[in-house]
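Please find one structure pasted underneath; my questions will follow.
Chain naming follows the written order as A, B, C and D, and within any one chain the residues start at number 1.
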Amino acid sequence: MSVTAQDARQFVTPQETPKVVTAPRAGKKYAVELIGTFFLVFTVGASVYSGSPLAPLAIGSSLMVMVYAGGHVSGGHYNPAVTMAALVRGRIGTRDAVGYWITQLAAGALAAGVVRGVVTPAAAVKTVAPAGHALMAAVVVEMLFTFALCYVVLNVATSKDHPNNSFYGLAIGFTVMTGAFAVGGISGGAFNPAVAFGGAVMRVFAWQTLWVYLLAELVAAAVAGFTFRALNPDDK
Amino acid sequence: MSVTAQDARQFVTPQETPKVVTAPRAGKKYAVELIGTFFLVFTVGASVYSGSPLAPLAIGSSLMVMVYAGGHVSGGHYNPAVTMAALVRGRIGTRDAVGYWITQLAAGALAAGVVRGVVTPAAAVKTVAPAGHALMAAVVVEMLFTFALCYVVLNVATSKDHPNNSFYGLAIGFTVMTGAFAVGGISGGAFNPAVAFGGAVMRVFAWQTLWVYLLAELVAAAVAGFTFRALNPDDK
Amino acid sequence: MSVTAQDARQFVTPQETPKVVTAPRAGKKYAVELIGTFFLVFTVGASVYSGSPLAPLAIGSSLMVMVYAGGHVSGGHYNPAVTMAALVRGRIGTRDAVGYWITQLAAGALAAGVVRGVVTPAAAVKTVAPAGHALMAAVVVEMLFTFALCYVVLNVATSKDHPNNSFYGLAIGFTVMTGAFAVGGISGGAFNPAVAFGGAVMRVFAWQTLWVYLLAELVAAAVAGFTFRALNPDDK
Amino acid sequence: MSVTAQDARQFVTPQETPKVVTAPRAGKKYAVELIGTFFLVFTVGASVYSGSPLAPLAIGSSLMVMVYAGGHVSGGHYNPAVTMAALVRGRIGTRDAVGYWITQLAAGALAAGVVRGVVTPAAAVKTVAPAGHALMAAVVVEMLFTFALCYVVLNVATSKDHPNNSFYGLAIGFTVMTGAFAVGGISGGAFNPAVAFGGAVMRVFAWQTLWVYLLAELVAAAVAGFTFRALNPDDK
């Protein structure tokens, strides 16, 4: 039997699962989102607490490996902004999107709690708390790289033009790595409401600016979703 | 249905789109070049301004992810030198090439403007302004790595011998990363007129030597195009 | 002839070799496990002795390249915990698992001996010897990342949903790299009884806590195996 | 038309070109070896002269991208030791092997000359000139990682069990990166007679120990070739 386009579609474009799923199948998707988001946020916390200048490589790679491990099941979002982009693009239903958001935020909080329990910061934790012009700059770069991340995700993992590729996890994970190296010093480099929320629990991000981050990320994600639709009118 | 060679061709060798395209299709290509070049040059500026010794990893990875996200649409050039090589190799027409050049330079300038507006340099920006023997050295290394980049692009993304591969973005992006690590201290490591131009706007490159960089890069790109044709006479 | 699903299965899911194998075939698998584990543990020792902050990148990459080189023969475990997870998941028989464990531990000890013979530490070797709360933290992070590693291995290299992928080695190797960057400062970042044992020989890990590491890693591996089975009841 | 095993073979196992080739085809192979080896040795020199601790990443990546760009034409050896392993394994004839060796050494010398002409060392060049026990250690680690490199090459790029994979360049390039990080401080991390020879021209390696390196590397490569044959008796 040949590897058929049908098979390839199933494997590369995991969001294409039917909207109405049976309970066990839905449970599996949520479990995968929980595990993936947990390890992403745990890696953010542990590597930032360690003070390593290579934290962005670890963070981007944790996302990459979890996308490869679970993307074929749940879509490998691990990020409420990516779920928003998939919702706008029509690859996930509203009910599942809400379920994903709750799961991702819970996983982020859980990971943050474990980090606080077991990881001793190498130095005093510096809380990212921009204000004034610095907050404006943080909003711009969070929007830019959240847009880039969702744009990459929609193109490498949900486009009908890329069946059966092996690079989707590398592209997705290294977009976050790139952003964290490039603008981590400006905004902290979240690009992900679950990371921002977990980061607030870990005192890496300030609570008072959290809503600004969440809003900026979700808006940028929606823009990425509409951009994909505008550029690919035939790819439903 | 099997994954056919025809399908594979469409996906891996994006330059093979017909020369005469309908307006919406052409608009999509330009939009993808605009987005990709913007994020490449933005990453160059933000990571160089950050002073990180890992800037080359971020820069090469930004190119990689944008090639994976948009290469199947526009060819993923994001670089006037690559467009020159594709023109010599016969994978893009003159009219589209000119359109790509304008788009890429505009995206580079736009990204540079955003960098200047939102990124505060970690230290005083050091402008690369070689003269005398240092300028000669800069020209040599810019030519060598621009040649290498175009040679890699033509071989991994346009050769008929590599259908359906998943490595083209990794190979292309990491060629730039390699060059930036190896010779960034000599020439600044542009290998790309849009980066050189945007870099001048960001005061990373000196304006007075800009034309030397552009000329060196475009000549090296053309040499790579002719080299590909000489080595692959049967691959039109 | 098309690349058939049968071919793809053989190549991507190497654990699927028949349980009853002829002697030469069995010998080949053990030789591959010996070579791969040797180079993994040798790289751990040499790069830790060198004092490089990039040791995690070298270690994760050594695993990646050995998985790509030998995974299709032996499964590319190079790690008794991964063998445990494959046993629980039903991809290796008990007799082979015991043979793998002996081979992996012997290779780890051999590599450690060579490191001690030829590598002069750049600085006094710091032995990881946690106690009290620090030991509890080390156990937690060793369990978390050994679980993550086995979860990734089972999903990318043994799932029936991922035939013919090219990313399995990258995903597996970079899971270890991520863990080593994120929690190397807490537990030493073994996630592998052969590394822990070889590390004890090299004085990187303390002998008195070795059994704690081995137990934590094997338990986490078994949990990953049961998790895979629970989430994939139809994938025998 | 399906992607056939025949097509896949051509692309992934480039060594399988017929032994008797027409003159233009042979010229193409030598040109590709010349270009690839030139950029590998140039990157070694430029990044070592730059003093960057990330030189191993640049060096391994330069090999990776050149393998992806030219491996389907020449086999992408760029290394007399790999050519030796391919000769023992039966994938290249003696006449071509001699031609490759001359080409590779010439390319290494040429690259070294360009480095000396255009790259100013960031600090006084430290020549690796081990003696006594340190020389013994250097021989051991050069043999170990040259063996690993050839073992990886033969398994990922010439095995009949890995048709149509996209990871061969990543595996090959990152084996060298791993070795350079792990044992670069012991032997300089050549694993390649063309690098050792070019390195001597660039005063990175001492001339008086060059023959020891060459001998150790070629012996290790031959051992890797015989190992592959012993483990894969059916893969001619």
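Annotations for the structure displayed:
Please note the rule applied: a contact is a pair of C-beta atoms (placed from the backbone, for glycine too) under 8 Å apart; a residue touches a chain by one contact, two chains touch by 3 or more.
Since we're looking at a predicted model, the values are computed, not measured.
In summary, the pair subunit C and subunit D forms a contact in which the copies contribute largely different residue numbers, shared numbers making up under half of all those used.
Set against the Cα centre of subunit B, the chain with the most distant centre is C.
Rotating subunit B by 90 degrees superposes its CA atoms on those of subunit D, with the angle stated to the nearest 5. Distance between subunit C and subunit D, defined via averaged C-alpha coordinates, is recorded as 27 Å.
Subunit B and subunit C have centres, each the mean of its CA atoms, that are 38 Å apart. Counting partner chains per residue, subunit B shows two or more touched chains at residues 2-3, 53-54, 57, 164, 166-167, 170. Listed in rising order, the residues of subunit C touching subunit D in the complex are 1-3, 7, 10-11, 24, 28, 31-32, 35, 39, 42-43, 46-47, 50, 52-55, 57-58, 61-62, 64-66, 68-70, 72-73, 114, 117-120, 122, 164, 166-167, 169-170.
Residues 2-6, 8, 53-54, 56-57, 136-137, 140-141, 144, 148, 151-152, 155-156, 159, 161-168, 170-172, 174-175, 177-178, 181-186, 231-233 of subunit D are the ones that touch subunit C when the two sit in their complex.
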